[in-house]
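Look for chain A in each of the two complexes below; its partner is chain B in the first and chain C in the second.
This part shows the complex of A and B:
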């Protein structure tokens, strides 16, 4: 019996490796976990992580991105850039239709750009340098910029700029349009059913513009609120795919070792999530730079990676993750050094005043992490009072700047102009919003560097600017950077070819297939 | 008093309960002095099984914190919350019940409808809502447990007062022109005390359980370690590390069991019919 089992194991694992050379097979259903349940699926209105994950397979953007963040054709077949780097011309793919059968044209692109400028905060920021958008014919779109904008080709990912149908939304209030409940896109999968609290079903788009794709018939996104139950659902075969972050970190090694299980850390390159502690730069002890530096020395980030994240991830060196453009590690280093932290606190004149700490209410991992950091800070003499909260309370307190220390992890979108600057420039100090310069750091030099960096050419000039910005920021510690997070995707080995781009599962089902 | 202890000690369950209770109280008061390592400190590698390292006898949790230290420090929170919230419930319930029972009529009606209003709401969900609204802290937990557990006290005291009010010595006090409050406090309540004491001891047990349940759900005071928190935090890793949940779970079980046994012992000792037989 055991022999048979071992033989079976050997067979399946050899099949796993041989699969790369196999021809994709048609048909089948994939069950994947979606955690937490998305608040909505209309990508132009809602941009939460789970929404992007489900709707990235319903909608499409003009471009897709490889794991190395190079642009790939999406709804745009090809693109050209004028020599002065101010005019971008996109040729759309002919013969693309919406899920309701209407053709997709350049008018839809124009409509989407105008709509997203209103509804999508990040798209609005990305489009600031765009002077005008024109459609000379049905299949051509021309973006003219006010000045060259280095990261411009990086803003067309489906979650950043989804194409939405003009014929459905034109002239209506986009927020209340009934179509938001059954979104219509151009993507490989069509919305079928959403049973709240249970599952979201997508089915194959039979008229998808790439002939023969997608391969699978249907995707069920299973909604399972409890982390332990999600692990069990995978073990019992109820779900085939656990996207990154679906199960608790300490369960990752155990579940990864289950038979016939394939694990990959790829598919998050575009996002490169970076975790940090918000330190309120306005008031209290954390307004003092020396105290902030002391905090950096006091927290044991390697312990956090090894114990809380089970060895996944990388200790952050500064505001940029090492996977994005113009990253440099030629900055001040903050190893774990409690003695140095104590000395700095003494120099700063800190005398044990109480500092409030609000953990990120995103489950066990984050609560344990906050507890470990609280202990680290206690060890160097910082008095911490933990404030418990829930997600709406967290959003509110962060937005109202009502905290001393808190936590977050934010996506970086491949380029410092898209995902880094927003957290440090003073124009992004906006009360009521959560993911901007919440800490209230204000430095005219940094403002200028990020303003210059976005529009500088060539690349070497941009690198010079961002190197300088990183050096200044790491010296000032506006926030305490902790880890570059890694969210491994765990799946049954029968699911093939799911992670093919820099956004992984979010647009990966187009190419995925099931080995039977 | 002597007779009381005599009959209490004759009750084997009560004795066991008292012993456990005294041990728990001793740990709660002196534990942190004898055992100064903070329960939040990461002292060893995570997931160290119990009985392998004498320095961390009961093993370590997911962050490498000492489970034994957690149990020592957790005793403080459990007992404190149990007793203080019972006190709160008594402070609200006893005067309310006594007033209702003594004056009767409209006053009784009004106060009892008010009590029923609280009784109709399931207590645990109400406690969760209160703690969630007030933000979890030791004060909000004590307050919410007190608020959900006073109605039975009020009803019990009212019933006792109703029956005592018609006794001759009370009538005599009324005739001699004593004030109402004097009669309630000096004549009636002392005689209604024994069932209230029994109920209170059981309420401490319920309060410990309620606090553990709240902490288990993540609504505990984040600055204080408690047994319920330890069970809740260890629950997700129960398949890798049973000891993180089991030992605090046993601690809760013992504390609640002790309070129940003590309550039962008190009930027998304070019951005049049973007590008479033993004299």
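This part shows the complex of A and C:
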């Protein structure tokens, strides 16, 4: 049955691809699910998933990224890099206006960069290597770096660096500005209405800077809190698009088989969510490398992928997802091997001490996964005590390192310097956060490799450095890598060309159209 | 009567303040705070980001100071600001309370009318097959978890039959006006109202039936019969009226809790009401919003308790306000 499902998935994906060749039609409304309800739509202030999914239509970044993570023109129509790789010059697209009709210029870019340095934690980190930003004229922006920074061209997508209007925010308190409730961007859709608890409506920007786009008139983001109810809303035709993660994973095969349904796993290449188990490297049995290696051998990741994730995803080989730059699978392998796990546990001197496992409280699939792993670990003689929490409790305990084993999945942002190193370098061992080196792994060699990898040139040198880092990490098992997750987007086949970049539905519905 | 009401209102205000103070501390006992939640959702955070959020939410101030500032707000009817939803709490609650009241009052009316009707019917024909059928049905609805009933109703009426919409308050984007809008909301209301209503209906049916059977055996009913009154009159004027007291008590308790009691139904049917708001506020540790909802719910319980006491007087004139 699984094979049939995957075959169907491939078939429907190819049908969707075939639709790209058709001539786009104008008009119509797309109803999509958004969950949970975003706390706000101002991307410079709020960066959670639902906010970006809606606001990716309202705001834009200087660049977009293909499914192969190559930079594409966005608000910048071209860019050049100096020979010493320290100066990046962006030429902005002329004739771009904000939703209120004011022109978009280089002054807006400068203002956005300075604002994001204060309000946007990820942008702040990405901009560390930037020495100065200048605007020699209205349509030119020059970034000068302190030293070459390999992934620099990868930091300009709309969620990482949204452009916000200077004329609206300058001189005001950005946190309380009234425009946050009716955001103004340059994007293909404009904010129309937000009925809290029900829907968010966006309408076509008639003055969008790409003539003829967007094709559709309106988007309704419907807020439906229950996963089963979201499935039914799609099944009964009330919504057309279920973005990845909208419904429980075990419901995906059933919903995917509904008539006139297209499914695609594309559009997550930039984020490349990688799931792993946090193993506390500081204390208890998991502080021992042999125990951590034993855990890798003890867990049946193929089973988890095939049964719990319904065949979606790919078994991870190490700290990098196979979709991001400088990935290598030339590392130590950890097949499912309970006998080897038992032998390693014996060698480590593990005597059945209790290990606390805190599942990720993100819905039924994650709880089932934790149950399966508990069973795997019990089978090799590891004693597991499950600790139940809700999301705030989970965040708190992870930030305070109050766990032995837990779970997470993190985005990798296309480059090891942006989304991988943060989880393994010792400078990122900072209490109170959930996305850094939570496990407490410390290895000076790894610190040096990630420091070198970020600034090395050319690309071949970076690859060499990251290959070495991956080998060392996989040997040390600071965390137990599980799966490269796949969040399929499920949609009515009448919706065409929805996913055109490596950021997928998070990049707006600029190119989407409805085949009426 | 006025002094009775005034006395009760003063007592109510004291109780409400006690509830606020207790909840203020109870909420903060749960692990995690709004800054931790929002930093978690942002997918990236550093100490500066979390500190910014804490300052924004005034969580960096000492607890007594936070409490004092909150209580001061409550006294001036200011329920604070929801940083998660970026709106004043009172505005959020006032936007949602209409939907909740429509849902819960409809459910309440359905359950009370049908419950008393079926309870009376069952008691009137006690021991018959009709009585057994009503009692069995009441037991089933009473024992069935609301979320399951809600999901099964969606499956039957939305997925298989396609008669009723499965979620929401109205059809988004339809822009109906006038009667068409009323009809649209009514269609959306049927399933959630029936889901809550059936559970409470079962309770009232069982309570009415039991209470009537008990009253039926009392001496004054025999006297009424001996006076030669018609059976219908005895049932209506003497038995039912006396049997209703426990039902009114129960309905009073239910009415007060209906606002907070619609959490599951509002979540499954995506009904934009207070119950869902409370549930989401809890998961997001949105302290001000959660406390605000608690204040409103507590006030509702107190108000409905007062109304219940007044209704007692109407149902049974022997009860005096002084007592």
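Here is the rule we use: the second predicted complex is superposed on the first by the 494 of 516 C-alpha atoms of A that agree within 3 Å, B and C clash if a C-alpha of one lies under 4 Å from a C-alpha of the other, contacts with A are read in each partner's own complex, and residues count from 1 in each chain.
By definition in this document, contacts are C-beta pairs under 8 Å (C-beta built on N, C-alpha and C of every residue); 3 or more make two chains touch, one makes a residue touch a chain.
The model shown is predicted, which means the values in this text are computed figures rather than measured ones.
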Combined model on chain A where chain B meets chain C, clash or fit: fit
Which superposed partner A:222 touches (first chain B, second chain C, both, neither): second
Chain B versus chain C as contact partner of A:197, first or second or both or neither: second
Partner chain in contact with A:399 - chain B first, chain C second, else both or neither: second
Inter-chain angle, chain B to chain C through the CA centre of chain A, in degrees rounded to a multiple of 10: 30
Partner chain(s) touched by A:250 [first = chain B, second = chain C, both, neither]: first
Partner chain in contact with A:80 - chain B first, chain C second, else both or neither: neither
Partner chain in contact with A:411 - chain B first, chain C second, else both or neither: second
Contacts of A:390 with chain B and chain C, given as first, second, both or neither: both
Dominant toucher of chain A (residue count), chain B or chain C: C
Shortest span in Å between Cα atoms of chain B and of chain C, once chain A is used as the common reference: 5
Chain B and chain C contact sites that coincide on chain A, given as residue numbers: 228, 389-390
Contacting residues of chain B [partner chain A, same complex]: 38, 40-42, 46, 62-64, 132, 135-137, 218-219, 221-223, 233, 235-237, 239-240
Residue ranges of chain C in contact with chain A within the complex: 30-33, 36-50, 52, 56, 84-87, 92, 95-96, 99, 151, 154-155, 158-159, 162, 165-169, 172-173, 267-270, 272-273, 276-277, 279-280, 283-285
For the chain A and chain C complex, residues of the former touching the latter: 29, 31, 36-37, 39-40, 46-49, 119, 121-122, 124-125, 175, 180-181, 195-199, 201, 218, 220, 222-226, 228-229, 232-233, 235-236, 238, 389-397, 399, 410-411, 430, 432-435
Residues of chain A that touch chain B when the two form their complex: 227-228, 248, 250-251, 254, 303, 307-308, 359, 364, 367-368, 371-372, 374-375, 378, 385-390
